[in-house]
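Presented sequentially are two complexes of chain A, the first with chain B as partner and the second with chain C.
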Partner chain A sequence: MMPRFPCFFNDDSEKISTFSMKKVIYVFLFLAYFTPPLLSQVAVIAHRDVPVDQIKKSELLDFFIGDIKKWKDGTAVVIFDMKEKKDVKITFYKYLGKTSSRMKSIWMKNMLAGEGAPPKAVKTPRQMLLEVASTPGAIGFIDAKYVDKSVKVLKTIPIKK
Partner chain B sequence: MLFVLCVPSHAQTSFDQIRIFGYFQNSFSQQENENPQSTINSFSTDQFNLFFQTRLSNNWTSLINFEMINSFSGSNNWGAFNLEEAWVRYRRSAKFNLKLGLQIPIFNHLNEIKNKTPLLPYITRPFVYDASLSEIIAIDDFVPHQAFAQAYGFVPVGEFKLDYAVHVGNSPNISTNIEFLATDGSTLIFDKTTHKNLSGIDTTSTLSYGGRIGLRIGELKTGISTTYDRTNKYKYYFNIPDNDFGLLPRYRVGGDFLYDWKNFEVHYEFITVLLDDDNALFDFNKRFSYFTAGYHCTEKFYSYLSYWETEENFKPAGEIEYNARTLGTAYNYRERITFKMQVALVKFKSDGTIFQSPDFRISSLAASVHF
Partner chain C sequence: MSYKNLKLGTKQIFGFGFILFIMASLNFFTIHKMREIKNEIDEVASNWLPRISAISEINLHTSNLRIHQLQHAIATDESRKQEQQRQMITLIDKINENIDTYEHLKTESEARQLYSSRERRLYKHFDEKWEEYLDLSFSFMALSSEHNSDEAIDLLHGKAQDTYKLLRNDLEGMAHVNYDESSKAAQRAEFAFLSTRKVITSLFILTIIFSAVITIVFIRYITIPVKELEKAARQVTKGDLKVRLAINSKDEIGNMATSFNLMTKALNEARDQMEDQAAQLKKQQLILQATNEELEAKSHFLEEQKEEIQNKNTHLQNTLNELHETQKQLLMKEKMAALGDLVAGVAHEINNPLGVIRSSADVCERCINTIENNGNDQGTSLKTVTELLKKNIDVTFTASERIGVIVDSLKNFARLDEANYQVVDIHEGIDSALTLLTREMQGRVKVEKKYGKIPPVACYPASLNQVFLALSKNAIQAMKSAGHLTISTRLQGQNIKISFKDDGVGIAPDKLEHIFDFGFSRRSGERVKLGSGLATAYNTIQKHNGEINISSEEGKGTLVEIILPISGNIQQNKG
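Moving on to the complex of A and B:
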């Protein structure tokens, strides 16, 4: 017995349709080859009440290395890190001109000098959202596709693969 | 000061819990001496530090740091157990911090982290920064070890950050032996009757002052440090009359330079110690420098080459020079554990009879753990 496949074309149009399908595939392959891949982004997110709507790279670095510990309104800055070292984390720290191990070394130095504890590292984007949304003065980073209205986006950084 | 000491009693119970953390480093070293040839093997707990920290309020933090070095054992009289830090800090902003109490003063870069083994790739640190060498090198002459009040911070100027620090503490004339200090002349204010059996206090009317000015931009950090104090140790060493060396002015000048470029790191520091004796017969000046070139082979694996050089004058008794060429690696395993390996060739040169030592090679393995 012949297997029963769904039939999209009737017998009369089969030749023409096969020709059209080939064209579609060629066009698709052409586009796939020459179109840059869809870029995903890292979103720098903060608690909704932080007193800024965007942030400079140098300010972001100052927050994450512990040089600046307060927002302009005096709220303490609480930073969050990602546990797993994936593209989002690598891109974020690369944007700051650091590696994640260099950041850890800076946090450890700060801790042993009594300048502050290392940031809490969260496991999932969902956890990052929840922590940043519920902690006054919080700032973190996340794959932009997970962002919702519970947090404020201060900056986006394209992920280059 | 009394006000400051009162602050913790109110805040401690109502604000933050005490955080306890620390680190230790265990090592195995093999030292091979030349002329005469001999070998020494030893396991050692080089360093163990325990910190207690609490945030007292939004702007106030306190920290206590206990340190044990060289396989500390009270029953065997090994090593040392020290209260390294006990301070409270007021942070107004990044531009102004005030730290009061026993603390390590900001001097050259390495002075801030010299005993923090998880941050260092070295097992044996550049001579004057290694607390475990304090039994054979007068490391207190080279770097200030304690301060009691310090203001510090940084001022951003465009892309630059200008660091500053000023500190004050005791001069090094700390009483550890009542009879020893009681033999001093009129410049000391030590009163044998009222201070009997007290130790750990400065028995002179002098203080130590110092500071650092630095610059940071991107991955470059550099600065100049200095201290001024007056020491009476040399008059006892050499039995020199009071009128020549009551309290010898001592100036330290240090410089540090750190630069990271991609995976490469370069560190350079120097320290010059000038003891202003005003007497051509005597020269107690000292000099130290080190240079390290390192490379992050991977995020976890770091290798380096380093050269250290020290010169100590004890004229008319003599002069000692020693240097070390060292290479090593550090492997950061599971964030909290760092394995280290180091080989150092140490060479001595002495033109007097004050101290003699054969050249030696020391090979070490260590694990540094923080918790």
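Moving on to the complex of A and C:
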């Protein structure tokens, strides 16, 4: 949410050596600029018919790196990625403990091993919503503010800067 | 307080303490600097070099990946394609491994704030390009797997190559940055080493200089003074006591020098004094020799004088004998005079009753005439005449009795008819003495007798009576007009005490001590008379083993006390 003070002080671009009132004000202005106006969250969404209502982090990672390919009821898992590398995507993969490039290298390995193509990457949140809602067994992620009743939210992850 | 005035121990502590301080600071400094150098080397060894290695590996594997991709594209055989795919999986694993290594090192480096912003930028860019390359690889693999070799190769050499070049540039940049940073670290380490060496060298030189200074100071303040002291001591041994040390520091050496100076001074003074004394002794010896000769001469002279004195002594003895003779004669004369007085008194005493007897004899004669002329014209009766006669006879008796008493007293006093030594009543003696003095009292002196009950005393009564007479007479003579003479006696143990107390003129204190001397008389100024009374009294009482004490107050009177032993014990051979 808010960067801790030591990190901020140690930033090369803005080094504060003396703690004066004026500088404190600058710090707050700087934080205000980077902090989103509302606490936004990433929602892990799935097709309405998937047999679970909640998902654990380890299961989610297994789905995304292709270790688990089917839901409990036998429906194939279909993963959707986001094209643009923005806060939502970064937050989501960070939550899984990976970077997006690492995810891609894993998918690359899967592809080379003949385990199928990499997930489809959508451009916009709306497209993501539409794809997940229309594909059975689909799972993806989206900024929580776009979520509607066409999809099922399995998990929410707070966005950290 | 200057360094000169410190004690030796303190001086040493100061000197060695300073050297120790320098050495200790040298050690601290060296350890600190070595730690700095070690940190730099550790950083290079544990972070910079592995990072460079990881980056090189990534570079190598990505280039290999491209080679296999190309081989995959040109392979026609499915099994060869599979082989290439396996190779690619291995390479991707290796790349991921190295990226993990790098990221781990990056985190460590960031924690130590040693990760440069340039490298961060380059790595971020590399990550993006790598992702982009992977995206392109998906498309390539899709084409290659479907045997669209030409398109695949086009993609690989076109868009993918551009991305790959950028990616590679980033990796090379990162390697360069790392290389630069590790060089800098090495430089820093070297600089630290050089500066440390400089400081150590200069401190070492300083230590040597300071040690030399301390040594010089020690020589100046300890060795040189000690040598001087030794030299001076040797001079003293040779007998030169004038030597003095000019060391005025206040440490032990200074104290020693001061003591040495005092010692030599004292020795010098002692030697001078001894020489003086020797000279003086020599002088005194000469004087003694002279004196000795003089004494011998004097002794000779004294012997001569002694002879002369002996002669004189013999002469004096003769004179003394003559004097004794004269004194005896004088005493005799005095006795004769006293006897004269006594005789005069007694004659007077006898004269009165004698006159009475004469007149009574005259009356008797006339009475007898009257009787013979009985019946004459005077008409006097016989009876009257007889009565007158009787009366006269009475008077004559009385007078003759009176004379008898006086003669008895005289006899009693002189004890003419009795033995020299016998037991008598003291009171009788006093009474007879007083009787003999009746004329001298002439009625003006009132005698008070306070006789106690005393036993008879063994004595020479004649001598004692003379004492009583002398004391009573003195008392009476001391009273110019009327007065009282109190005579008291009492028993006091084995002694009797007799006191004669008068209220006459008394005796002056300065004369009191001469009262028993032969020839003393308090009646000086009156007729010249040798007062032998008290001297005789003193001798008599001494002969009786008794005591005689006299006390007097001028103008008030005199008290004479005699103490006599009852049992006599007379010193027969005295007086």
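Note that in this section the second predicted complex is superposed on the first by the 124 of 161 C-alpha atoms of A that agree within 3 Å, B and C clash if a C-alpha of one lies under 4 Å from a C-alpha of the other, contacts with A are read in each partner's own complex, and residues count from 1 in each chain.
Methods note: a contact is a pair of C-beta atoms (placed from the backbone, for glycine too) under 8 Å apart; a residue touches a chain by one contact, two chains touch by 3 or more.
Quick caveat, the model's predicted, so the values are computed rather than measured.
Applying the stated clash criterion after superposition on chain A shows that chain B and chain C collide. By the touch criterion defined above, A:Lys109 reaches both chain B and chain C. When the shared chain is aligned, chain C comes close enough to touch A:Pro118, but chain B does not. Looking at the shared chain after the overlay, A:Asp67 reaches chain B, while chain C stays out of its contact range. With both structures placed on the common chain, the touch criterion links A:Gly97 to chain B but leaves chain C unconnected. Contacts of A:Val27 after superposition: neither chain B nor chain C is touched. Chain B runs into chain C after superposition on chain A, and of the options 98-106, 188-196, 224-232 or 350-358 the stretch responsible is 98-106. Under the contact criterion defined above, the residues of chain A that touch both chain B in one complex and chain C in the other are 99-101, 104-105, 108-109, 111-114, 117. Note for the complex: chain A touches chain C at residues 10, 12, 85, 99-102, 104-105, 107-109, 111-114, 117-118. Listing the residues of chain B that touch chain A in their complex gives 19, 21, 23, 51, 53, 58, 61, 63, 85, 87, 89, 91, 93-94, 112-113, 116, 118-119, 154, 159, 161, 218-219, 296, 299-300, 332, 335, 370. Chain A makes touch with chain B in their complex at residues 58, 62, 67-70, 76, 97, 99-101, 104-105, 108-109, 111-114, 117. Interface residues of chain C, counted against chain A in their complex, comprise 85-86, 88-89, 92-93, 95-96, 99, 113, 117, 127-128, 130-131, 134-135, 137-138, 141-142.
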